[in-house]
Amino acid sequence: MGGNTMQPLANITPLKPAGAIEVRNVGQVFKTTTQDVVALEDVSLDVKPGRFVVLVGPSGCGKSTLLMMMAGLRQQTSGTITISGAPIPEPDPNRVGVVFQEASLFPWLTAEENVEFPLALRGIAKSDRRTRAQDALKLVGLDGFGKRHPHELSGGMKQRVSIARGLVQDPPVLLMDEPFAALDEQTRMTMGDELLRIWAATGKTVVFVTHSLTEAVYLADEVIVMSPRPGRIVDHLQVPLPRPRTYEMLSGDTFGSLRDRIWRHIRKSA
Amino acid sequence: MGGNTMQPLANITPLKPAGAIEVRNVGQVFKTTTQDVVALEDVSLDVKPGRFVVLVGPSGCGKSTLLMMMAGLRQQTSGTITISGAPIPEPDPNRVGVVFQEASLFPWLTAEENVEFPLALRGIAKSDRRTRAQDALKLVGLDGFGKRHPHELSGGMKQRVSIARGLVQDPPVLLMDEPFAALDEQTRMTMGDELLRIWAATGKTVVFVTHSLTEAVYLADEVIVMSPRPGRIVDHLQVPLPRPRTYEMLSGDTFGSLRDRIWRHIRKSA
Amino acid sequence: MSAATLRRLIVISLIALWEILPRAGFIPELFLPSLSSTLAAGWNEAGEYGHALAVTLYEVAISMAFACGGGILFGAVVGSLPRPRILIMPMVSSLYAVPLVILYPVFTVWLGIGSESKIAFASIYGFLPTMLATAAGIQTIDPQLLLAARSMGATLSQRLVRVIIPAAIPTVLSGLRVGGALVIVGVVVSEMLISSAGIGYLISRYRTILDSPHVFAGVLLVLAMAIAFNAAIKWIERKAAIWQTGTRAGQSAEETVPAALQPAT
Amino acid sequence: MRSGLGVKAARIAIVVALFAIWEILSRTGIVNPRLLPSASDTLATLGDLLQRASVRKDLAVTASEVVTAFALAVPVGALIGFLIAENRYFAEVAKPLLFFAFSIPKSIFLPMFILVFGVGFAQKVGFGFFSTIFIVIMSTTTAVESVKVEHLTVARSYGATPMQTAFRVYLPSMLPVLLEALRISMIFNLTGVILAEMYASRDGIGHQIATWGENFQMKQLLAGVVMIAAIAIAFNELVRWVETRCSHWRT
Amino acid sequence: AETVRIGLPTKTYWPTTIAETAVRQKLFEKEGIAAELTIYRGGAETFEAMAAGAADVILDATSLVSAGRKKGVNSKVLASAATGYYGWQLMTLSKSTLGVKDLAGKKVAITSAGSGSDLLALWTQQDKKIEFTRVPVGGGGLVPNLLAGNVDAAVVYSPLSFQISRSGEARTILDFSKEVPPNLAAGWIALDKYVQDKPQMVQKTLNALYGALMFMRANKEASVKLITELYEIPAEIAALEYENTIMKLETDGSMDGPKIPEQLQLALDMAKAGGMKDLGPAAEIISTQFKPVPTKF
């Protein structure tokens, strides 16, 4: 996987390097039939290129909404967002890839074809596509399941296909919305390590939503903690643990105190 | 919530008390377009009435499938299953309630109406229904969200509505398929405690699937560990921790060693 | 008894009744001539019927392309764009609410009396149900799938071809069934009303002179077209079955669905 | 649905524009006004016709036939469609036959209806029913097939009876497709009844329209068509209104 | 009173006027019966309705009676009504200079294949020894297609023919009422079974119908007014219709006359030339059982 898809960006954004995310005073209000819901209020955030940022916060605080806006899938009610220096009024797979909270696989395609889908959109040759899709499926431990249709897969397997689909696109920024929620702990850990390996190798910027504080600290360079509705950023922690991360760190003091600090925020807000 | 829905069962099952689950040499084979998939093989299991049993195992090992069979929603290829002493060829909400892995709410109903749904099916009066639904929603921390439609709720909120829908029917056996997967840790813990409280008060039998080993040990009387496909039971642990469970127990030795024992199984199988 | 056997039995008994009822005098030959005399009548004028069939098939084929191709494309575009949908759909379905058959004789003034007017009429007749069904099918698509495709940078046409149409396949197929059938009906009816060629023309000509065996020979040909069309749709359905695995239509297309998946009824 | 005033205005504008084009085509003689009387003339004639007691009676007759045929065809067709979608055996037996019946031009059978029902209310209703039922059956079948399996599983797990499943899961899931079907069915129904009236009748608006057509009374013919179109469109709008009321939960 | 169901081929065809007059002048009532008029889409449809038992007495082309006998529908011509195609004309646009002979190779509109207009078009081809294309355009398509220039000529029936010639849009190049030799084109018809079961009803019905004709002949003003009203046409066109069709109809109706078999055979021969097969001899379809006694008005 090369970074060649990033090249066209050089023309658009001479100032900011590819992969930088800037969120400035962003707010989001949903109009429902009954009342207006302020989902996010005055959120500002800077993610430097190549950083692994984890977003945590209570259910319904607006994490998915923030991700959708960064992906250009939803427009903020106020404020600005730039990705690699340019605003993102429309989804742009050359800049941003998304793994959704719900697997959202195409039921009429096999696992393999689902993973190939974003490549097919760009007109990549069939054989090339197949190889890359199979690599991605191997990465998520679904070697040999390529020919299955989504309804023939378990919940966790679907989610893994969805992750493979996100990875295969290889954009400079990867947004992942609770990608490991449906996985068992072993698979979750293996995939976490795999993700870190890919991240380190490709220099991607990753924004990752999770409910597991252990996972958050284990994966992140920085953890961003959000308050319940209306969602605001209440803390922004740097994780000073060295890379590569190891399971031993989980029982270390640094790890424990960071986890505790986040936990207190979450607890307070509930 | 009373146990009055259990009374009619006395006539059907004079021998076994309501809530007992017996799984005998059960197997499940899926025929797919390409090949036959043996999802479960020779699974036997006894759950005494009023026990809280947690099912863990790697993704795709057949946990959901086993639950579907206990619920009468899918017929086993071989073996027998009895609930409260009688086989369950058809779903029977008086015996078994289910909370599904995917929220599967009805999009045309509000959160409240979704929770009321099982009650409405039994012809319970509107006002009574509403009160009970609102109680259930309060229980899952969704007070005030009753009038929202599913598409206006976050992933975790939908899952909680689905849990409320499972709780509101009050059957002697409750099957829960990863109900807390989409929740943040705080909500997850609160809801776990809430579930334990309801369980203790009503004497229900609960079969609970989770990927969190901590959650498994924290909640369970017994933990059943399954191997990867074809799914078999590889371990059946009793959790000797006293009730009510407290967060302090999480750091205790008993807890740690149980968690470790399960972890080794899962790790081995991966 | 297997379903196919029972169906065959029904068909055979219908055919037998067709022969017996007129012969026994239960139905006057004017209304229903026996099957054998119908076949004989058709055979005697085989050349004439062959020529008429060619004309009708030509008109059906072109109308089918317009109605089904256009209907699916238009329905998909309109159904997936919220603004045009709100604006156009009500107008289109209102337009369809106008019983056009009444105006057909007047239409011929502008479209001429040849194949063009039949093709135009049948195309409109078949276009709208196909389009409406496609648009309706698209509205029931899981929005999450469209979101996912959008996030991967699918262009409008890619979303249309790769997401919207496959997801709407079951509905589109049924729209196609209805639309295609209406194309056949539309061509034959307009031929019956005004034309100088085609099966519909033969039917109405022979009716005017009370030549019922020849009328029913024409009807028989229409039935044959319906059967052929049905077979074609079945073929497409089988091809598309793999696409429908997420829906109940797909579930029942599979032989392997366990009994437990079947609803209680 | 917040379609807003803008959309309504645009819609009205389109309708007005269509009438204006019609008026101009006819007035300027681009189209022979004998073949296409102007919109204003047609509307004036329409007003005139509506004044006539006989036309009003014809309308009432047609309306009663249409309503009766529809009231019979929709429940019966929906029931059969439902059975077909739900029962594999029944479906395999009936589906090809019904589809086949659907693809036959129904007007061939008009004489048969006279044979069975004579000429009158029953024959019109019978033919209207016959023209409508197949499309209702086929649409219902499709609508049923669009129901999500997960939703059925949930209902089943709560022990929903077939009736409850029908009304609480099928009906709301199917509603968009079903309403669409209802719309198309009404058109088939209306066309069927009018065709039957044109074929043989003592009264009814279809009968009048046939006569106007044969006598080259273009103003009356167009006025009659506009009248029927208006009725059909009114029904269409009614269905749409129900649709927007029932599908507020959609995004 | 018992009701006779009278079937009529189209609204603006003269039998409708006759039957309507009989109703309005209460002639059926005077005969002690009631009548129910039903208008059908054309001659074949009217005949089908009678065969189906939906109409008791109809007016229709006599050739259909003969064709029907071979299809198991046993009916007879009870009374002669018209021996010519009154009001039927071959017309072109006024601005066209075509004559009948010039139509060779051109397009001529007829209502539908096998119908009365087709018969006349075929007759024209035979009589004038020319070949043209007959284009069926339906009743509603005749004038529009003529005016739009889609066809070169059209076989037009009354009162439409009078109307468009009056308005100056079209002109007559062949008047069938004059050119076609007298033949028993149309008659009042009933099923044998009905005649057998209810001869009295048949007699009374014929009495009322011919009584209506007598009334119309005697009351021009009232008749023209009725036609004006019924057809929604200007009075002057109605007057033309009255003069050129109503006044030409057979007043006697008797099937006993010496010329009847011959005129009927001529009608059948014309139908045969028009494509009808299986027509029996004229004698088969004549019933001389009834002689209309016009009801007094």
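Order of writing sets the chain letters: A, B, C, D and E. Residues in each chain are counted from 1.
The rule is simple: a residue touches a chain if its C-beta (ideal position, glycine included) is under 8 Å from a C-beta of that chain, and two chains touch if they have at least 3 such contacts.
Predicted model, so just to flag it, every value in this text is computed and none were measured.
Asker: For chain B and chain C, which third chains touch each of them?
Answerer: Joint contacts, listed by label: A, D.
Asker: Two chains share more C-beta contact pairs than any other pair here; which two are they?
Answerer: Result: the chain pair C-D has the most contacts.
Asker: Please compute the C-alpha centroid of chain A, do the same for chain E, then give the distance between them in whole Å.
Answerer: Between these chains, centre-to-centre, one finds 84 Å.
Asker: Can you work out the whole-Å distance between the CA centroids of chain C and chain E?
Answerer: Once rounded, the distance between the two centres reads 39 Å.
Asker: Please report how many Å separate the Cα centroid of chain D from that of chain E, as a whole number.
Answerer: One centre to the other, that is 36 Å.
Asker: Quick one: report the Å distance separating chain A from chain C, using the average Cα coordinate of each chain.
Answerer: Chain centres of chain A and chain C, defined by C-alpha means, are spaced 47 Å apart.
Asker: Of all the residues in chain C, which ones touch at least 2 other chains?
Answerer: Residue numbers touching two or more other chains: 31, 105-106, 109, 143, 247, 261, 264.
Asker: Mind pulling the residue numbers of chain D that touch at least two other chains?
Answerer: Where chain D meets two or more other chains at a single residue, that happens at 35, 111, 115, 156, 160-161, 198, 213, 218, 221, 250-251.
Asker: Any chance you could list the residues of chain A touching two or more other chains?
Answerer: Each of 102 in chain A touches at least two other chains.
Asker: Going by the contact rule set out above, which residues of chain A touch chain B in the complex?
Answerer: 30, 32, 34, 37, 56-60, 64, 101-102, 147-148, 152-157, 160, 178, 181-188, 190, 211-213, 263, 266-267, 269-270
Asker: Which residues, counting only chain A, touch chain C once they are in their complex?
Answerer: Touch residues, chain A against chain C: 71, 73, 91-94, 96-98, 100, 102, 104, 106-108, 117-118, 120-122, 149-151, 169.
Asker: Which stretch or stretches of chain C touch chain E in the complex?
Answerer: On the chain C side, the touching residues are 25, 28-31, 33, 104-106, 108-110, 112-113, 193-196, 201, 204-212.
Asker: In their complex, what parts of chain E are in touch with chain D?
Answerer: Chain E reaches chain D through residues 5, 10-12, 36-41, 45, 48-49, 52-55, 139-140, 142-144, 147-148, 159-160, 163-164, 169, 231-233.
Asker: Which residues of chain C touch chain A in their complex?
Answerer: Against chain A, chain C makes touches at 142, 144-145, 147-155, 158, 162-163, 166-167, 169, 242-247.
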